[in-house]
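The same chain A turns up in both complexes below, where it pairs with chain B and then with chain C.
On to the complex of A and B.
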C-alpha cells in the first residue's frame, strides 16, 4: 500500500481554542479515507493545514515522501493536492467551461507554456472532465446560473481536470438527491480505481459507508479512532459523540 | 470649432485609455484602486522629461512612461496587494495621498506645484504630429491586448481570482504574481495615457493627478460598465462631453454650469444604480446579482 499523503502531529490553536491537536493521518493511494466527526471537530482545519491555507503550530506533512508543510496553497496544489470547499467557491461569473479550463492552467503569467498543442490538450482535458461530471449540456452557462447539484458537480469537474493524485473533499455530497449522489459516488469509485488518494469530510453516513475504505473519527481536534468503517460506526462511544449524546 | 472638437476627442481617447486600463484591474481582476491618477502622473512626468531633456519623440516618451509607471507600480503594489477588498481600497487611497505630496515636493523631477512647462510638441523624424492619432493608436492597441488577454488563460486566471481567490490558489494559481502583472499592465497603460496627456497640453502639474482625477476615472468606469471592453470608453466620452455640451445650452448661465453639472452627475448616477447597476454597457445580470 503506497501512502500518497501523510501528516504527523498536526496542531493548531486559535486564541485559547485548540482546534487541532496532534492529528496524524495517512492517505493511501487508491483508497477513500473519510474524516468523520461532529461539527467543530477540526476536520476542515486539518484540510486547511495540509493545503497551506492555515499555518500549523506544530507537525509535518509529506506528499509522496516530500515535505509540503510551509508551502503556499498554490505550491501544494501544483505538487498534486486538489481540494474542494464546503461553500464550493466557484468562479461565479465565468462559464462552466472556463471554470474547468482554469483548473488546467496553473501558470499565473500572461500565457501558459507549451503553445497551441498544449492548449488543445488542456481543452480536451477540460471537456473530458465536464463530460465525466455530466455538465456537457450546461458547458457554456455561467456558474452562478447553475442549479445546486450542477454547482456541486462543477466543483468536482475542476478537481477532475486538475489531475491531482490527492483529493481533499469537504462535504461534496451534502444536499444531493439520491440519483446525484449515486453519480457522485461513481466519480469517486472511478478516481479511486485510477489510484487517487481521496480524503472525504462527509456527514452523510450512507455516502461514507458506500465509499470509504477507512474512517478517521475526529472529536475536539483529536483523532479518537481510525480503522474499518464497520468497526468505527459500530463503536457505541463514537456514535454517542457523533449524535451529540456524549456523557 | 475643429480645434475644439479635436481637443475634446484627444482628451476622450486619453481618458478612454485610462478608464479601460483601470477596468482591467477592477473589472477583470477585482482589484479596486482609487490611485489610477498616480500612475497617469508617473507616466506624464516621465514622458515630459524625455521630451524636455532628450528628444520629443512620442514613442520614446510613451515607452519611458510605460516602463516607469509599470515598474514603480510593482514596487508599490506588491506590499499593498497582500491585503484584499476594502483594505486595498484604503491602501490605494493612502498611495494616492502620498503620491500627490511626492509630486509636489520632488521639484527637480516634477517642477513642484508649478509643474513642467514648455514641453515641446511631439515629433517623429522632424515632423510635428498631433497627439490625437497617437492617442487613438495607443487606445486601440491596449484594447486589442486586453481583449486577447480577457479571452485567454490570463483573463481566466484574473476572473478566478476576482470570483474566489482561495479557490484559484487551490487550483495552483500564484495569485500574488497574477495580481502584480495585472496591476503593472494597467499602470503601464495609465502611464502611456499620462505621457500623451503631457504632450498634448505641453504642460503638466500635480493638479491633474489628484484624488479627484482618480475618482473621475473610476466614475467613467462605473457609468460605462465594468468588465466590458467598450463600457469605459463610453463612460469617458460621456463624462468629458457633458461639461462641453452644457456650455452650448444658452439658458444656463456660464457661472452656473458647474452646479448644473453636479446635479446632472448626481441624478444620473442615482438613476444608473437603480436601473442599470452594472453600468450602461455592463452585464446587467451580473450587476443585479451583486447588487
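On to the complex of A and C.
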C-alpha cells in the first residue's frame, strides 16, 4: 500500500482554542479515507493546514515522501493536491469551460510552455474532464447560471482536469439528490481505481459507507479512532459523539 | 460645423481616455489595487516618447521605449510598493497614500529633468487638414481611433482566449480559489500591471502629439480613469472603455455650450449622475452579482 499523503502531529490553535491537536493521518493511493466527526471537530482546519491555507503551529506533512508543510497553497496544489471547498467556490462569471481550463493553465504568463500543441492538449484535457463530470451540455454556460448540482460537478471537473493524485473533498455530496449522488460516487470510484488518494469530509453517512475504505473519526481536534467503516460506525461511544449525545 | 469639430475632438480624447481607463480597470479588477499612480505611468510614457523624439530616435523606437517605460514603472509599483504593503496587510488608504506619493515624486522628477510647462511633439501626423468645409482633422485623429479599437480588441481577445488571460479573469473573481488551482497570484498580478500600464502608453504618445502634456497631466488622467471605472461599472473593462469614450465626448459637448474651464467638470457631472442614479455603473450588474 503506497501512502500518497501523510501528516504527523498537526496542531493549530486560534487564540485560546486548540482547533487541531496532534492529528496524524495517512492517505493511501487508491483508497478513500473519510474524515468524520461532529461540527467543529477540526476537519476543514486539517484540510487548510495540509493545503497551506493555514500555517500549522506544529506538525509535518509529506506528499509522496516530500515535505509540503510551509509551501504556499498554489505550490501545494501544483505538487498534486487538489481540494474542493464546503462553500462551493467557483469563478462565478466565467464559463464552465473557462473554469476548468484555468485548472490546466501551467504558467500564468504570456509565454506558455509547450506552445500550441501543449495548449491543444490542455484544452482536450479540460473537455474530457467536463465530459466525465457530465457537463458537456452546459460547457458554455456561466457557473453562476448553473443548477446547484451542476456547480458541484463543476468543482469536481476542475479537480479532474488538474490531474492531482490527492483529492481533499469538503462535503462534496451535500445537497445532491439521489441520482446526482450516484453519479458523484461513480466519479470517485473511477478516480480511486486510477490510484488517486481521496480524503472526504462528509456528513451523509450513506455516502461515507458507500465510498470509504477507511474512516478517521475526529472530535475536538483529535483523531479518536481510525479503521474500517463498519467498525468505526458500530462503536457506540463514537456514535454518541457524532449524534451529539456525549455524556 | 464647430459643434461637429468639437465632437470629433471629444471622440479622439475619449478614445484615449478609454485606453487609459481600461488599463486602470484591468489592474483594479484583477488585483484590487487602487493604482492611483496610473496617471504617473501615463506622464512617464509621454515624456519618454517626447525625449526619444527630441533625441532623433525613429518614432517606432520611441513608441517601444514609452511602452517599456510604462510597463517597467507599473511592475516596479507592484513589486516595490503594493506588494510590501500587502505583505504587511496595509489597507486601502496606505495603498492610496503610497501611490499618490510616488505620483508626486514622478511629477517632480519629470519637472526637474524636462522642465515645467507643456511639451509636445511636432509631427506631420498632427497637422490638421480640411476634410469637409470648415472641418479640420489631423491623421492623428484616425490613428487614435484605430489604436484604441485595436488595442482594446487585442486585450479582449487575450483575456478570452489566452490561458494567462483566462487566469487573469479568474484572479479578478476569486484569488483564493485561483491559488487552490495551483496558480501564483503574484505572478498574475505582475502580468495585470504590465498589461494595464502598457495601455496608457499609446494614449500618452497620442496626447503628446496633439494637445501636448505637462508634468501634472497624470492627475487629470487619473481622475478620468477613476471616473470611467466607476461610470463603466467596477470590474468591467468594456464598461471602463465605453465610459472613457463617453467622458471625452461629454467634455466636448460642454465646450460647445460653456467655457473651457467647465470641460473637466463635465466628467464629474457624469460621474455624480451615475453615483446617484446607477451606482453600479453601466455594466456593474455583473460585478454586483
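In this text, the second predicted complex is superposed on the first by the 245 of 247 C-alpha atoms of A that agree within 3 Å, B and C clash if a C-alpha of one lies under 4 Å from a C-alpha of the other, contacts with A are read in each partner's own complex, and residues count from 1 in each chain.
Simple rule for what comes next: a contact is a pair of C-beta atoms (placed from the backbone, for glycine too) under 8 Å apart; a residue touches a chain by one contact, two chains touch by 3 or more.
Not measured: the values here are computed from a predicted model.
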Once chain A from each complex is brought into register, does chain C clash with chain B or fit beside it? clash
Kindly classify A:103 by the partners it touches after superposition: chain B alone (first), chain C alone (second), both, or neither? both
Applying the document's definition of touch, where does A:17 land relative to chain B and chain C: first, second, both, or neither? neither
Answer with first, second, both or neither: which of chain B and chain C does A:73 touch in the superposed model? both
Answer with first, second, both or neither: which of chain B and chain C does A:92 touch in the superposed model? both
Given the touch rule stated above, what does A:144 touch, chain B (first), chain C (second), both, or neither? both
Scan A:162 for contacts with chain B and chain C and give back first, second, both or neither. both
Looking at the overlay, what does A:51 touch: chain B (first), chain C (second), both, or neither? both
Is A:231 contacted by the first partner chain B, the second partner chain C, both or neither? neither
Residues on chain A in contact with chain B in one complex and with chain C in the other? 51, 53, 72-74, 77-78, 82-83, 85, 89-94, 98-99, 101-103, 105-110, 112, 144, 158, 162
Of chain C, residues touching chain A in the complex: 162-164, 166-167, 169-170, 173-174, 176-185, 187-188, 191, 286, 289
Complex contact set, residues of chain A against chain B: 51, 53, 72-74, 77-78, 82-83, 85, 89-94, 98-99, 101-103, 105-112, 144, 158, 162
Residues of chain B defined as touching chain A within the complex: 149, 152-154, 156-157, 159-160, 162-164, 166-175, 177-178, 181, 227, 283, 286, 289
Interfacial residue positions of chain A with respect to chain C in the complex: 51, 53, 72-75, 77-78, 82-83, 85, 89-94, 98-99, 101-110, 112, 119, 122, 144, 158, 162
